[in-house]
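As written, the chains take the letters A, B, C and D, and residue 1 is the first residue of each chain.
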Amino acid sequence: MTAIDFSTTIGNTWFPAPTFTASGCASSGRELAQFFPLREMGGIVTKSVMSKVRTGRPTPRMAETPSGMLNSIGLQGPGIDAFIAKDIPYLTEQKARIIVSIAGETVEEYSTLARKLRSVSGISAIEVNISCPNVENRGLVFACDPEASRRVIDGVRRTIGGELPIIAKLSPDVTDLVSIARGVVDAGADGLALINTVLGMVINVDTMRPHLGGKTGGLSGPAIRPIAVRAVYQVHAAMPNIPILGMGGIASGKDALEMILAGASGVSIGTASFGNPTAIMKIQNDLKQLLIDRGFTSLKQAIGYAHRLETESADA
Amino acid sequence: MTAIDFSTTIGNTWFPAPTFTASGCASSGRELAQFFPLREMGGIVTKSVMSKVRTGRPTPRMAETPSGMLNSIGLQGPGIDAFIAKDIPYLTEQKARIIVSIAGETVEEYSTLARKLRSVSGISAIEVNISCPNVENRGLVFACDPEASRRVIDGVRRTIGGELPIIAKLSPDVTDLVSIARGVVDAGADGLALINTVLGMVINVDTMRPHLGGKTGGLSGPAIRPIAVRAVYQVHAAMPNIPILGMGGIASGKDALEMILAGASGVSIGTASFGNPTAIMKIQNDLKQLLIDRGFTSLKQAIGYAHRLETESADA
Amino acid sequence: MSLINKSAAQLLAPIVSNKKVGQYHQIIINIGDLATLCKPGNFVAINVGGDSSSMILRRAFAISRVSISSTFGGTMEIIAAPHGQGSKWLCAQGEGVVLDIVAPLGTAFGIPTEPVPVLLVGGGYGSAPLFGLAEVLNARGCRVDMLLGASTASKIYAPMEGKRAVNSMRIYTEDGSMGQAGRVTDPISEIIKDLDIAVVYSCGPMAMLSAITKITDSHSVVHQCAVEEAMACGIGVCMTCVLPVENEDGTVSMLRSCIDGPVMDGSKVQWDLVGKPL
Amino acid sequence: MSLINKSAAQLLAPIVSNKKVGQYHQIIINIGDLATLCKPGNFVAINVGGDSSSMILRRAFAISRVSISSTFGGTMEIIAAPHGQGSKWLCAQGEGVVLDIVAPLGTAFGIPTEPVPVLLVGGGYGSAPLFGLAEVLNARGCRVDMLLGASTASKIYAPMEGKRAVNSMRIYTEDGSMGQAGRVTDPISEIIKDLDIAVVYSCGPMAMLSAITKITDSHSVVHQCAVEEAMACGIGVCMTCVLPVENEDGTVSMLRSCIDGPVMDGSKVQWDLVGKPL
């Protein structure tokens, strides 16, 4: 392999490779560590953690759909204290670069989570999963409400101070993604994670009722990739200087490249790891080679390249 | 086959079967007529027609995606006058039940189209495709703007009078589908068509630019089925008495049944006809058998059944 | 969580043979040295549908037996029921087709340190992993008795050579088409008493496992059961496959059946809470 | 639109043979009586990837030849290049595999009523349908000359028996690895003059068809070309496969290459406007 600068930057943080796990698709790392050393990938984005222990939704929690799947986990997790006590030390020991994903039911809960994380060392960035129901506003998902999104990010920013990059993770289930993105960037997000799952449902034709225990679920996997690429492209067009962690159906090096060309500074791999425990390492290696094959000497040259070519041909 | 009442009703119009083509996926019928008699299916929904001749978008106009495809046709068509002169008489002669889909760039254009159709005989309903860019409002898609959606339907309703059922076809690319649906129903829609394609993009990793001539395109096919089922379920839950034409990735009798159970009074088959010219007839037959197998004696009993079971078990 | 999957590997493994047995397919796969790492109770996760498949998730199958043959090197056997799209695809693949597998996954059946009498109960294809287990138990000096049940004869999986390691084998079918008419759970209570059973091992439908737990609980006999929940990842990262299980302190947690299972302590599983919100 | 596809049918058709020829696969499919309805220029649309495929659209292939054999009944031949996922899948299917096909689709090459001299120009696998065409033209008494071109030798498809019906066949490769070094378009102008060609038939990459049109336009020779645009449906219902074509009245319309083509009048296609907004 020829030399290529494969590193990427989100906020002030440097990562040696642009390939991350997707939140909720790598638990907190131990399980994947049995298949490859965690330090070899760009970084791990941990499962969204909340203040308290959560048991999550009833089963069935998943349904396979054409080239995709629905999940309805309901953010099962150990709570932030246990997470900080057990998972962060393990990941640090593995020399993994850590992006901690947080989730809350109120604006206040997000700030509380940020406060607990502020003093924890070894964290590279915080991903704020705002695709959660806001209990203070009739369960309306934060990410679907420009004002609520902004307030969550603003609260986290104020609490965390200026050091740690904040990545706001948005939902594609909105009329105007760009305006939500602008709002959270104005409120202090250093980067954006696009996209969370798309709301979907499967009805079991034998029981004749919704298949999932939680009725609706989040659609992920290759089925949603064109939606994710469009989202990244739109937001990058509007805010070319904001780093984006692109995700949604990436299952190969080519898919990762597509996302980078659309404007992502890095990619997260979610559902693909379910099909192949080592998917992320393969994607990382293949992406590197594809960039080299196309004559790029750095990843950064490729970020948003699909936009630049357009401008060039428009000029010509 | 045991007897079953397979008919459905949209507005005041009765159809012998609940299976329709999807607009833009059957052209204006002649092509499919070479594979089966058009009168045998529930009805044809014709390609959205505009006032004037439209040449549409540049090629490439399609990209295959995992379990789906993107299209960017740009409403190529002959214009309403040629459509009325040539296509309606042909379809009438074939004894097909006709739902005419109309599309416009201004509120006024929709009314004009309705005016031209008012006096045409042989039409069973009008489907109003409001997933079009509104040239009077920065190209914002009508269906993404509750006020514009309402005005389009209101204009069509006033023009057409009370006879012909109006079906408003909505886009899933919105934050709050139910409120858009409520708006168009308040404005006079007798039924809803859910869903139009989901906005997506594919970047060609060889040319490194958007693959489609029109850059973005509409995602259809099985990939979006869970999104469509969710949309139908949500809207039916909110407005159980409004007939819904469900569509999005229906490729088998089971898929059609899923949509009916979610709350659709009828289904449209789009992309599946590209893979199989006779898909709609197979789906129609299989759906009938599946209903019979489950002990239904009429289609109507099955509409929204997934909601009813829920209430029952909640009662128990 | 212990490092349960530390010997798991992803492998391209060719099918050695695929034979129809009743309503099931006995599929033997060449897995080389990995065979030495598989224990009774472990499962294998198999890609289905080929390269351009719309099915993106692996399918889980109990490893019914492994052997080291001189002709093929290490092989693994699974007994697959053609259920939906994915398992039907698998059952249709013939000799030479190369499967993408991940194995061995999950917990294994615990083997008693003393040679105690044990009862093995299998429902449908759930009997498959019990034969390999029987051999291990038998080698430890345990007296092994076996009960197999299914709705009908063609759903009983009971290979000839499987009887080698068992003291007795009784078969129950609901329609009486093979063995005795009735349910496999009917005689358990009596057998436990008669043979002074120390451990009941079970594998089969969840309803059967739940029913067995009721019986074993009332006899305070250990019940090791292999559960079957829908799994997206099979390796512990997705949290879809959870079951409510009682902790030491009496609280209930949602444990992952892929990594804290499939073999679990039946008495700890809160069968009544399965599928309910906690 | 004429009722162009009125003899089209959907069929489950088994593969009779699949042979590698250079970089292509010659695939022969048993299609029974349908063979009698296929004309040179028509294409077949084939499902790819099997039952649970993530590829939902058919792939189009020119019907290169049909024959009625006593062993297999009617058969159809296609020459397929393994290009992407779908065509690679097809090329990997062996004898006995049953394909889901729709055929015959689209327009056919027009056959002159008089026995005039004609030139057939094929690029890459585009030569495939020209051999069947040559036989028909030859039977009409036309003098048939043929030019085949490709980037390199392994991309030339020129079966032995294909030469039967042609008067001369010249091969061009860009790298000179077979025939003459150069482009297949180089000698066309001269041949038209020398042999007094009345019709040029062509099939191959769009750039080649466009280049030939420039030549035939300057000689006012009829140019029937088989175009190749990405097709979603192949039967005229989706409007994805359009090409800008001049109407009688001088205006330009976007015509569907699946149903108003693939064989089109080259002089009417607005090659410069392909891929541009109208």
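In the analysis below, contacts are C-beta pairs under 8 Å (C-beta built on N, C-alpha and C of every residue); 3 or more make two chains touch, one makes a residue touch a chain.
Only a predicted model underlies this, so the values are computations on that prediction, with no experimental measurement involved.
Peer 1: Kindly list the shared contact partners of chain B and chain C, in label order.
Peer 2: Touching chain B and chain C alike, sorted by label: A, D.
Peer 1: Select the chain at the greatest separation from chain B, using centres from the mean of Cα atoms.
Peer 2: Result for max centroid distance from chain B is chain C.
Peer 1: How big is the gap, in whole Å, between where the Cα atoms of chain A centre and where those of chain C centre?
Peer 2: 36
Peer 1: Averaging only over C-alpha atoms, locate the centres of chain A and chain D and give their separation in whole Å.
Peer 2: A distance of 47 Å separates the two centres.
Peer 1: Express in whole angstrom the distance between the two chain centres, defined as the mean CA positions of chain A and chain B.
Peer 2: Here chain A and chain B have centroids separated by 33 Å.
Peer 1: Return the distance between the CA-based centres of chain C and chain D, expressed in whole Å.
Peer 2: Averaging C-alpha atoms per chain gives centres 55 Å apart.
Peer 1: Of all residues in chain C, which are in touch with two or more distinct other chains?
Peer 2: Chain C, residues with two or more chain partners: 54-55.
Peer 1: Provide the list of chain A residues touching at least two other chains, using ranges where the numbers run on.
Peer 2: As it turns out, chain A has residues touching two or more other chains at 66-68, 221-222.
Peer 1: Within their complex, state which residues of chain B touch chain C.
Peer 2: Result: residues 66-67, 222 of chain B touch chain C.
Peer 1: For the complex, give me every residue of chain C touching chain A.
Peer 2: 1, 3, 5-6, 8, 10, 47, 54-58, 102, 229-230, 232-243, 252-254, 259, 274-278
Peer 1: Any idea which chain B residues touch chain A in the complex?
Peer 2: 63, 65-68, 70, 144, 173-176, 198-203, 205, 207-210, 216-217, 219, 221-227, 229-230, 233, 249, 254, 257-258, 261-262, 290, 294, 305-306, 309-310
Peer 1: Flag every residue of chain C that touches chain D in the complex, lowest number first.
Peer 2: Those residues of chain C that touch chain D are 48-55, 85-86, 89.
Peer 1: Note which residues of chain C are touching chain B in the complex, please.
Peer 2: 54
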